[in-house]
Amino acid sequence: MSRITLEQANAIIAAALAKGRELALKPLTIAVLDAGGHAIALQRQDGAANHRPQIAIGKASGALALGVSSRQIGEMAEARPIFVAALGPILPHGAIPAAGGIILVGTDGAPVGAVGVTGDTSDNDEACALAGAAAAGLKPQ
Amino acid sequence: MSRITLEQANAIIAAALAKGRELALKPLTIAVLDAGGHAIALQRQDGAANHRPQIAIGKASGALALGVSSRQIGEMAEARPIFVAALGPILPHGAIPAAGGIILVGTDGAPVGAVGVTGDTSDNDEACALAGAAAAGLKPQ
Amino acid sequence: MSRITLEQANAIIAAALAKGRELALKPLTIAVLDAGGHAIALQRQDGAANHRPQIAIGKASGALALGVSSRQIGEMAEARPIFVAALGPILPHGAIPAAGGIILVGTDGAPVGAVGVTGDTSDNDEACALAGAAAAGLKPQ
Amino acid sequence: MSRITLEQANAIIAAALAKGRELALKPLTIAVLDAGGHAIALQRQDGAANHRPQIAIGKASGALALGVSSRQIGEMAEARPIFVAALGPILPHGAIPAAGGIILVGTDGAPVGAVGVTGDTSDNDEACALAGAAAAGLKPQ
């Protein structure tokens, strides 16, 4: 498998939203991208603010851009804040330095896409991303 | 009602994709935006090329930006090509001059959002957009 | 195979440049992108102007963005000039409407990348792109 | 000599990649620019993430933009973080404040181009850039 299907992307989003309801989280926005960083599916829950899609996409796209999770980009930003700030203008969707964006890999360990979640705390966002991936039978990198 | 719900947006997309299957169209990409031009939901079918999301969003967003359908922007482009070309760089998602992007209105006639479809001929794209809107009980402007 | 390797990308460029020498073409610039539109390798021959890399990348990236060759984008531009002009601002590397950018496909017919060539006439540019692909055992879409 | 030739650029990249293999580094991406900051050659090794080309180019281009190595831009960022952050949006390829981007000079001491390396620690990236320059008989500024 070299690309997440739309059916898988919808399953990821459904499971991530279900996790959000289970945890009684704030309204979430969830994006699923292919390995090239191009959107396959996106959903923004009622009550989520205007540019949450850009943040969800920025978490997932930044992860794919650098090859690490957005949590790790957040850790990188703690250690090297100006380096991470300098990435914003040169990445098409920025690099959001906060948990919630994870790379998904195929059976050979190569990326097949990414999911980005935003709306609650970044730890909770990431829990929903992981729940979504698990439901679709996909592993985080 | 001043905003399309996520449930309605998903219904619009499901019905538009069903119309595409009924007409045996090429892989479609469908975006639903709120009245402010911000994405609520998006789906890109397997086999659709990388940047179809930008075109779907550009049809719907351009329609909301100018207050007319993307079909009418296409007609405007025939009459005043340089005017329409000049809009591209100043609109955040451009203005795609081709049918497939329609504004959706509430019972008071005010915009509540827009839908953009791309992937087949622009006439077929628009047919799917209209089918999606009808299924969600929403009227085109 | 879901991605062109660097070794293949270098082989494509070497063969395309050899074709250019055989045909005594002007200095060429050649880019090879992965299926997501991200550069794997690029070479600009001595004497080629400053922004030829952007044109080579724009041919290949535009082809992947829309799912057709840059020659077909050129034909689209003849029929619908304002539509193609409107794509420029919404695609990260534009869409160059001239032959020389071709999508490369794997054994299952799905894109594995693209090559873009610029520097001579667009017909000659495309001949070099095709020669490069053939040398690496890759088929155009 | 006022410009690096493509032959030299390819030699720089080959030697930098050889250094990376010798040191068993992670997958590298290497860009060589002319004195005007325009790409001559680029290679991204298998396994390197999507936007490594932008980071490699940003290291080399930022160095040429400011007239110092990207290591020195990193030191400048420690002392004047907001100044360096403000440069990002006004430089076409940003200014990456981390070692790995070096200016190359001719026999008269004037810049003839730059090389940028990314993928491992920035110290290792810079070691590969220097090895590449040395192999092509070019001196760092």
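Here the chain labels run A, B, C and D in written order, and each chain numbers its own residues starting at 1.
Going forward, a residue touches a chain if its C-beta (ideal position, glycine included) is under 8 Å from a C-beta of that chain, and two chains touch if they have at least 3 such contacts.
All of these numbers come straight from a predicted model, not from anything done at the bench.
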Rotation angle superposing chain B onto its copy chain C by C-alpha atoms, nearest 5 degrees: 90
Cα-centroid distance, chain B relative to chain C, in whole angstrom: 30
Interchain centroid distance [CA atoms averaged], chain A/chain C, Å: 30
Centroid spacing, where centroids are CA-atom means, of chain A and chain B in whole angstrom: 25
Residue numbers of chain D (touch at least two other chains): 50-51
Contacting chain pairs - touch in the sense defined above: A-B, A-C, A-D, B-C, C-D
Touch list for chain C against partner chain A, complex: 2-3, 34-38, 92, 110
Contact footprint of chain D on chain A as seen in their complex: 36-37, 64-67, 80-83, 85-91
Sites on chain D touched by chain A in the complex: 48-52, 54-55, 58, 74, 77-78, 81, 84-85, 88-89, 93-98
Complex contact set, residues of chain C against chain D: 3, 5-6, 9-10, 36, 38-46, 50-51, 53
